[in-house]
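Take a look at this one; I'll ask things after.
A, B and C are the chain letters, set down in written order, and residue numbers restart from 1 in every chain.
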Amino acid sequence: MATIQIENLEKVYPGAERATIQKANLSIQDKEFVVLVGPSGCGKSTLLRMIAGLEEITSGELQIDGGRMNELSPKDRDIAMVFQNYALYPHMTVFDNMAFGLKLRKTPKQEIKHKVEHAAKILDITHLLDRRPKDMSGGQRQRVAIGRSIVRDPKVFLFDEPLSNLDAKLRVQMRAEIKKLHRQLDATIVYVTHDQIEAMTMGDRIVVLKDGIVQQFDSPMNLFNNPQNKFVAGFIGSPSMNFIEGKIVMQKEATFKSKDLQFAVPKDLRPCLKPYEGKNVVFGFRPEYIYDKAVEKGKRLSESMEIEVEALEPIGSETFVYFHFSGNPDHSFCFRSNSQLAYAVGDKITIGVDIDRLRFFEADTEKRIM
Amino acid sequence: MKVNILYLIPLLLLFGCGEKQTVARYTSWQSSQTEEKIIRQTLRNFEKKYPNISYQFQPIPGNYTEKLQLMLGTGKAPDLFWLKGDTSPAYMSFDVLEPLDSFLEQDTDFEIDDFFPVFRDAFKYRGKNYGVAKDFNAYVLFYNKRMFAEAGLDTVPTTWQELYTFSKKLTKDTNGDGKIDQYGFVIEPSIDIVMPFAYQNGGEIITEDGEIKIGEPEFIEATEFMMSLYRDGIATNPADVGAGWMGDVFSRRQCAMAISGAWLIPYLKDNAPNLEYGVVELPRGKRKATLAFSVAMVIPKQSTHKEDAWQMLSYLSGKEGMKTWTESGIALPTRKSVAEENGFYQDSLYSVFMKSVDYAKLYKVNMQERWFDDSQAAMQGIFYKKKDIAQTLQELAVTLEKYKLD
Amino acid sequence: MKFKSRKKEQFFWGYLFLAFPLLLLTVFVFFPIGFAFAVSFFDWNLLIPDKPFVGLGNYIELFKDPVFIKAIKNTIIYTAGVVPVQTLLSLFLAFIMNQKIRGRAFFRTAFYIPAITSSVVTSIIFVWIYSKPGLLNYLLNSAGIESNIDWLTNPLTVLPSIMMLNIWTTSGYFMVSFLAGLQNIPSSLYEAAKIDGANQWQQFWKITVPMVRPVTYFVVIMSLIGCFQVFDQIFIMSSGGPDNASTTMSYFVYQNSFKYFRFGFGAASAAILALLIFATTVIQKKYFPPDAY
C-alpha cells in the first residue's frame, strides 16, 4: 500500500523570512495520481523534494505506507523521481541509465535485463537501448527518464515538471501517455506542474499551493466549481475567473455596487451576503458562465449588464470576447462565446451571469463567501 | 590613418637600449657582507692611489659561473674578474683569457717572485701566465680543545692511524641516552675531501702528463680509509646530524675534529664564539699533503680596457692590496712578504696554513668541468649506496678519460 | 582606406592584428626552438669561436652517456608517479571543496596557496622539512613510525620526496580547474544518483569522474608537460644527486649547457626531451580524447 501522509510538514531555510512550506497537511491515497500545482515560488517542487528526501524536513512528519520517512535517505524510501531536465547519465547508454540503480543494488544480471527490457517495451523505447542521451530527442529522453523510474518498481513515483521542456504538441501527447502509464503501473504518483490545464487533465486530486501554503486539496471539478478562496478560483480555469471589487450596500435590496457596475444580489444569495452589508467583497464570475441575453434563453441569468466589446480571440471552437462594462472602460473582462455569433469590436451587448455560478469572496481574507 | 606619437615610445625604448662602455668593469662573486666590505675598502684605497682610472665594480650575486659564461659568450664580459682555480683549466684551454706575461714583464713593481712558487705558477697554461692568485686557502685540521681534554688527549693526531684512534676515543654518548652525540670526526662524500688523503698516499686524480690515476690502488686505499671512519661509526656526516656542512657540525660541537679552510675561522667567531679550538696541519699518510684553493684575477681577451684592468689587478694583488684584503683573515696571502710582514707566521692559527703551503697541491684538475660532477656522483654512490670502492673508482677512471683537456 | 572587397578588408585588419603577437611568438618561441634544434647538430661551446658541425654526433653520445640514460629513467618515473596521483588528488579535493562543508572557503585557499607560492621558496622550506632533524621525521616518529634519515641524501628517497613536494604544490592549482568543471555538472544528476542508491564514493566515480573528462584531459596534459620539465626543485633541493638519483632531463640540459659549456650537447638532450613530451601528448590525444558527453 503506497499511501503518503503529510502532517504539519514545514520547510524553513536558515535565514529565510518566511517558511518555504508552511504546515502542510495532506493525505494521499494508495494508487492516487496527485498533482501539486501553483505559480512560481509556491513551494511545489520543494514539497516534492521533501517527499523524495532531497530536501530536509524542518518539522512535521512524512509517512509513506505508514512508515516515518523523515530521516531516511532517498534510496531507502522506495521512491523514484523523474526530473524536469531528465537527469540522464550522459556517459551511459539508455540501457545502462535504466540499469544503474539496479546495478548498485547488486541485482542479478538476468533480472536487470528483464526489467529494463520490460520497461522499454512499455515506453516504446526498445530500439533506443544502445543509444546515448545526446543522440536522442527531448521526448525520447523523457521516456528514458520515466523508464528509469519504472525499472525501480517503487511505491511512489515523483514527477518534477517533466513536460516543461517539451513543445506543446508533444506535451499533450505525453500527458495522455503518463495517464495511461498510471493505469498500467497501478502506482501512486505525485506530479508537480505549473500548468493548471495539465493539472486538471491529469490529476485525481490536485493540491493548489501559494507561497508555501496549501490552498486547497480537491478533485479537479471541485476546484473548478467550489474554489475555497479567490486564489484557487483565479488559478484554476482558463481564461481565469473575472473579479470585480465592490461593496454590498442596502438599497431597495442587497445590491452589489462597484465602479464597473452594480446589480441586485439574486434572491437566493441574499441570506449569505447580508452579514457583509457595508463591507468590501469581491464578485467572481467565470468566462464560461456569461451569456449574451439576446441569444441565451434557457438559463437562469442575473440582471442584465451592459458591456462593450474591446477585443476578440477566435480560437475556432469558441471566441474569447474581451470587454468592459459600460460604466468603466478601464477594467477588462473576458467571456467565452459560441463562435458562430459574430461580434465586432465596439459592439454593445447585454449579458447576464448564470445565477448558480455567481461567486463572492471576502475582500480581506479572500475566502469564499458563497 | 594617423599614427599617435605615443605608439612610438616603446619602439624607441627598445632600440635606444644600447649602452657604450667607457670604463673598466670589475666583477667578483658575492659570498658575505664582510667580504664585500673589504673588497670595497681595497678599491677605495686603489682610487686614492690611481685617481685617474675610472672603473665600475659589479659583483654577481648568484650563479657566477653560468653568468660569467654567458657574458663571455655574448661579448659583454667584464674587464677583470675572479676565477677559481678548479674552473680555470677549462677557461685557459678555450683561449678566452689574455696572457699576462707582457704586463708582468713591464710592471716592475709587481715582483712576481714574491709569490709562493705553487701560487705563482697556479694559472699557467702552455707556458703562458693567465692569472695571478690573489689569495689562497688550504685544508687543515680543526680540533675542539675541550673535547680533547675530556678524553685525556694532550697531543694531536699526526698520522692516519692516530686520526683513527683519536676519533674512536672522541666518539661518545655524552648524555647517557644510548645515542652517540659526539663524534670524533666528520666527513662528506665529496671528492675534495678525499683528495688530500689520496695525495698523502701517493695517489693522483690525473698526472701532469694527463694520465688518469683515480682508479689506482693509492687512491682506492685513501678512499677506503676515509669511508672506514664513517662506517665504523667514529665519523659523522653533516646530513646525519642535520647540519649544512662540515664546519657547521664542528661549530655545533657535534664532532671533535674537522677538516676545513680558514673560512671556518670567521664562521666560528660568529656562530660559536666560546668554542675553544686549535688548528693543526693535516695528519700525514705516506707523506704530507693538503689541498690548496686559490682564486685569480684574470682579464678576458675581449676586454677593451686591458691597461686599466692590469693596473687594478696589479694593485689589488700587489703588496698593499693583498695586505688590506688578507689582514681580516678571510683568506691567506699568496705573497711571502705580505705573510711575513703581517704576522701570519706568528699567529697560532694562521701559521698552520702558511706551513701547509710547502707541501700543498693546488685544487686544479686539467679536465672538463664535468669531471667534478661525475666524481661527486661516484663518491655519493660509494657513500650512500655502499657501492664497491675499487670498482666505482675504476669505472670513474674510464669515464674521466673523456674529459681530459689537452 | 579603400579595399577591393569586404573580404579583403577583413583579411587586412585580421592579419594586422595578428602581426604583432605573431612577431612576438616568432622571435621568442618559434625562432629559439628552431635555433636550439639547429645548435644540437654542432659542437657549440659559447666561449670557443670554432663550432664544428657534428651531425648526429651529440645524439649518439647522449645515448652512450649513463647519466643521460639515468635522467630519462628518473624523468619517466617522476612523471608516471606524479601525474596520476596529482590528477586524482586534485579532483578529489575539488569534489570535497564543492560540498557544503564548514570552513570551505578557508580550505580552498589553504589548498591553493602552495600553488601560487614561489617554487624556490617551497623548495627551500622542504629542504628543512626533509632534513634529518626536520618536521617530517618528527611527525613520523610522533606517530610511532621510526624515521631517522635525511630524505634528500638517500638515493632511494630523494626522488619520491621531490615527487611528494610537487604533488602537494600543484594539486591545489589543478583543484581550481576541476572545481570549475564540477560546477558544470547539473546537481540533478547527483540527485538522480542519490535516488538510484549511490553513496558519495559511488557518486564520485560514476558521475563526477566521467563528467569532468574534458578538464581531466587538460589537467593530465598540463601535468605531464610540467612533470617532464621539472627543474626548480631538483636544482635547489638535491642538485641531481646523490649519484644522479634525482637528475632529470631538464636538469641534465642545464648542467651540460651552462656548467659544462656544451651548448650543442645540451640542445640535443633538450630536443630528445621535447620529442618525448610531444610523443606523449600525441598518444594521449589519440587514446584518451577529451570528448565531453
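One rule holds for everything that comes next: contacts are C-beta pairs under 8 Å (C-beta built on N, C-alpha and C of every residue); 3 or more make two chains touch, one makes a residue touch a chain.
It should be emphasised that the depicted structure is a prediction, and the values quoted were computed from it without experimental measurement.
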{"item": "Core chain by centroid distance, with centroids computed from Cα atoms only", "value": "C"}
{"item": "Chain whose Cα centroid lies at the greatest distance from that of chain A", "value": "B"}
{"item": "Inter-centroid spacing, chain C versus chain A (mean Cα positions, whole Å)", "value": "58"}
{"item": "Whole-Å separation of chain centres (CA-atom averages), chain B against chain C", "value": "37"}
{"item": "Where chain A and chain B are represented by their mean Cα positions, the distance between them in whole Å", "value": "92"}
{"item": "Residues of chain C that touch chain A when the two form their complex", "value": "186, 188-189, 191-198, 202, 206-207, 210-211, 213, 293"}
{"item": "Chain C contact footprint on chain A (complex, rising order)", "value": "52-54, 73-75, 79-81, 83-85, 87-91, 100-101, 104-105, 132-134, 148, 152"}
{"item": "Residues of chain B that touch chain C when the two form their complex", "value": "1, 65-66, 69-70, 72-74, 90-91, 94-96, 189, 239-242, 368-370, 373-374, 376-378, 380-381, 383-385, 399"}
{"item": "Residue numbers on chain C that touch chain B, as the complex places them", "value": "1, 45-48, 66-67, 131-134, 150, 152-155, 240-244, 255-256, 258-261"}
